[in-house]
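One chain, chain A, appears in both complexes that follow, with chain B as partner in the first and chain C in the second.
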Partner chain A sequence: MTWQLNPQDQWLWIWAIVLGAFVLVLGLIPLLQVLPPRGRRALVVGITFLAGLFFAAEFFMPVNEEQKNMLTPAIQPAQNLLQLIGALALGLGTYGLVRLHLKNVVQKRTQWGYSVVLLVSFVTMAFFSIWNTLAEKELAPKTPLLENSFKLLFDFTLVQLDAAMFSLIAFYIFSAAYRAFRIRSIEASILMFTAMVVMIGVVPLGAYISYDLMGFSAEPTPEGASFVQMLVHNLGLPKVANWILTSLNAPAQRAIEFGVGIGGLAMAIRLWLSLERGIT
Partner chain B sequence: MTYQHAQDNWFSAIIIGFIALMVLLNIFRARVGAQLFIRRIPGLDAIDEAIGRSTEMGRPVTMIPGMTSFGVVAVQSLTIFKYITKQIARFATPMRLLTGDATVFAVAQEAIADAYNESGRPDLYDGDSIRFLSDRQFAFASGVAGLIQRERVAANFMFGEFYAESLIFAETGNMVGAIQVAGTISFTQVPFFVAACDYTIIGDEFYATSAYLSREPVLLGSLVGQDIAKFTFAFLALSGATLATVFGVDDSIIKLLGQPGGFDAFIQEYFGGGTP
Partner chain C sequence: MEWLQNFLPLTFDRAVVWIGVLCTIAIYSLLYRENPFYRFFEHMYIGLAAGYSLGPLGVDILYRYWIEPIWVQGYWAWAFVVPFGLYLYFIYSERYGWVSRLVIGLLIGASAGLFFQEFSSRYLVQLNSTLQRPLWFSASNPDLTVGNLIQNYIFLAILLTVMTYFTFSYQQKGTVKGIATAGRWFLMIGLGAIFGNTVMARMALLIGRAYYILSDWLLIRVGG
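Now for the complex of A and B:
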């Protein structure tokens, strides 16, 4: 069974799907409004259950040698549908943003100058982006003005501003680490000591202190070594730092991941069966 | 290791079924009146304290679901924000919900409007308080940091999925002296939140938040089911480590726990006569 379209029927099918989706959406909106709250909820619960069932069934149904079952080809179209919803929501979000800043400018609210900057940037960026996309599809001329403006706006402005914001994190890490490592309690002291060992251990300074100054062995533990020999062989800061990262840090992170995974699964089950009443 | 289908390792499918069963069974137990215990989470007790402080200072509260795209995490974040908004509505404290995902923005508008309606204060709802800033990570980060600075927020709640921008939010909030409560499933961001925020909700505590705040039987039951599943995982991990130590990592029982085709190999070896 295939969900792919034959090339000769493609346009006919595309129009049929678009028209069908249009009728479905236009029909669903008045239906939702006409129905009493109970009926509306039942409809939403039913659609949610069927949508969830589709993905669950695709996972649990046996597959052939190509790792496919009868529902697998429909996974991609279903995910495309989710992208479509995302694109519609993006329009809604952009409308909300522009409306808010237009209001700021028209009503001359506090700091309305920032809103002017946002609106001008928004229009300029959108104009050159759309023009560039059309030019790439050879639907509009690719002029030097477009090339220079696009480069100026994206490569020389947007990317640089992104990089500037990202680089701020280095300074924030410094100030946050200073507060976290202040010795106020036993826990903070352990945190600071561990952090110091790891920080020094993973940079060349750690190897220099351990192997060159203190004379610890940089070689791996020999076969058949006793416990004391093993201990002596692994006292260098780089090895201790590696042990902290792989034997203490990684299991703790995995435990958190397990918890998050189980929590997410439980939440998904509640949403699928409409047992979750938070925002639904 | 990821599985595309249950057939890749039936054991993982059985585990998923077991977790689902535990969750549903305990939801049923809670619904029929079983008394379920939930331990104290200090970070969540601080929410009311932070809102009270904002009210006293007359400064806004910010709620940030991060760059979370719409899904299970976003629903959980919005459920928490809905609870916070209900508390805010009682004192008419100003609020801002800032998101980097347009779908979350659309749903947040409805959720927050509902929260004001359910609190009996629909007049306080202002659609402009819920803002979609940008879907570019650092444009969103600069937008949030700018708003926190300009409006000198008194409380900052960050619940959702965060990436490198987490520290920008938390440090900016710290600079303006806001009480900050963060909860995230992104464990790489947990150290940043621990360092910069007053309270941090870690890992699966994030999913326990709605149960803790609402004390709804369905959510409490689900939480107990999750805990049983966690104990099962801990038991399996311990058993796996012991068995791998005793029998070696190539034993079929170890493959059963974590390799594609391991279930079939195990069944064939122990019940079908010989290794395939």
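Now for the complex of A and C:
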């Protein structure tokens, strides 16, 4: 049996296989429905275990001189498969969003007019986004209508809204910080002091205060300097901010990451073995 | 007069700048209070973002990983992937909803398997680099300076104290409680640094918006 057909000569076969695959895989559902609840769960658990086993086995199996084992060639197709199913899952999310807002419009729920705005902007953008993607692959014509419309919708609307929405968070961060820093504890004071030093230190204002107003040295520490000289050379706010980020922040971050890593590993094993009941 | 001519949305290039500014002002109007103008643009934003994702994340991936391998390269076995992935859409069916869990199980299982690789390539490398930090002068570390040595001790001390703070397997009391408290303070330094960095990143976006309004819309020369 050959895994590859010639698309030029055997295109009819390819179409037949694709149609057959749809009929076979979707036609399997009534048969799967016959399974009792325990059988269904066993099937889900089995697929979960085998999918995890494939990647785990590829990682743990011994490799040859080329750093490969018998499963390595299948890794890329497996990852492509995951991408493909991920893209279909994206469609599911979109379907859920459209379904909800269509219901709002049809049933004329409160503020259904906003749902109309959402649906109209969704359909318009989807049309031009898909057209643009196909045009980039030379599967559709690239017309001035497409270029201008996509530019208007993407560059001058979506990108602008995106930047405005994320910059809006700056105001809320200030508001949250004000409330957080009003709590007078050692922890809040340390956090506020560090944040202040980093914020001032990473902008030109920090350099101006340290080097121009206070007269600290902006030069790097000279070779063979004593410990005291080294300290004196590094008292400027930009250097202190950099030291906080690299020497104090980095180990604290790493400790958090180790915790996340160990927790993630434990959770991965639980998911792989279907011990997390709510999911599989 | 010339400024007014350039300012007004009389050409396509100017009209789109006006639209961009309108979007920005609409979003910022939330700072005053929740209002219909903001709600309109908020819904438009969600619709545009969802619609846009269908192109590069939907059609592009579908073409690259399904249509191209089958109809251009002739690998027919890929034909079975999309119908299987469509099982996901049965999630809304009361009767057949469980078949969507077959696909979800595949995704979860694969993610769990891939985490072993991630753990090795991400966390073990970090652990290795942490443990390789020299803590005393020796012939194998001729370039080690007093400054670096102090930095290494500080690094290790912060790492261990913060990890102690996150260890909940036993009751923290006595010396351990003291170490955990120090860990909490070090953690505050780390979180303060992250907070400072986040604020500055958001400020950069805010400055970008202000620059867009002043320079691109009002045509005022800002900066050099």
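Keep in mind that, in the parts below, the second predicted complex is superposed on the first by the 188 of 280 C-alpha atoms of A that agree within 3 Å, B and C clash if a C-alpha of one lies under 4 Å from a C-alpha of the other, contacts with A are read in each partner's own complex, and residues count from 1 in each chain.
Rule of thumb we're sticking to: a residue touches a chain if its C-beta (ideal position, glycine included) is under 8 Å from a C-beta of that chain, and two chains touch if they have at least 3 such contacts.
As the structure is a prediction and not an experimental result, all values here were calculated from the model.
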item	value
Partner chain(s) touched by A:I85 [first = chain B, second = chain C, both, neither]	both
Chain B versus chain C as contact partner of A:V63, first or second or both or neither	first
First (chain B), second (chain C), both or neither touched by A:L97	both
Residue contacts on chain A - larger count, chain B or chain C	C
First, second, both or neither for A:T48, with chain B first and chain C second	second
First (chain B), second (chain C), both or neither touched by A:I169	both
Chain B versus chain C as contact partner of A:F154, first or second or both or neither	second
Common ground on chain A, meaning residues reached by chain C in one complex and by chain B in the other	59-60, 85-86, 89-94, 97, 111, 114, 158, 161-162, 165-166, 168-169, 173, 177, 253, 256-259, 264-265, 268-269, 271, 279-280
Chain B residues touching chain A - in the complex, by the definition given at the top	4-7, 13, 16, 19-20, 23-24, 27, 69-70, 72-73, 75-76, 78-79, 82, 102-103, 105-107, 110-111, 114, 127-128, 130-133, 135-139, 141-142, 146, 150, 164, 167-168, 170-171, 174, 185, 187, 190-192, 194-196, 202-204, 206-208, 210, 214, 216, 218-219, 222-223, 225-226, 229-230, 233
Touching residues (chain side chain A, partner chain B) in the complex	58-63, 67, 69, 85-86, 89-94, 96-97, 100, 103, 111, 114, 158, 161-162, 165-166, 168-169, 172-173, 175-177, 179-180, 253, 256-260, 262-271, 273, 275-280
Contact footprint of chain A on chain C as seen in their complex	12, 16-17, 19-21, 23-24, 26-28, 30-31, 39-41, 43-63, 65-66, 69-77, 79-92, 95-96, 98-99, 101-120, 122-123, 126-127, 130, 146-147, 151, 154-156, 158-159, 162-163, 166, 183-200, 202-203, 205-206, 208-209, 212
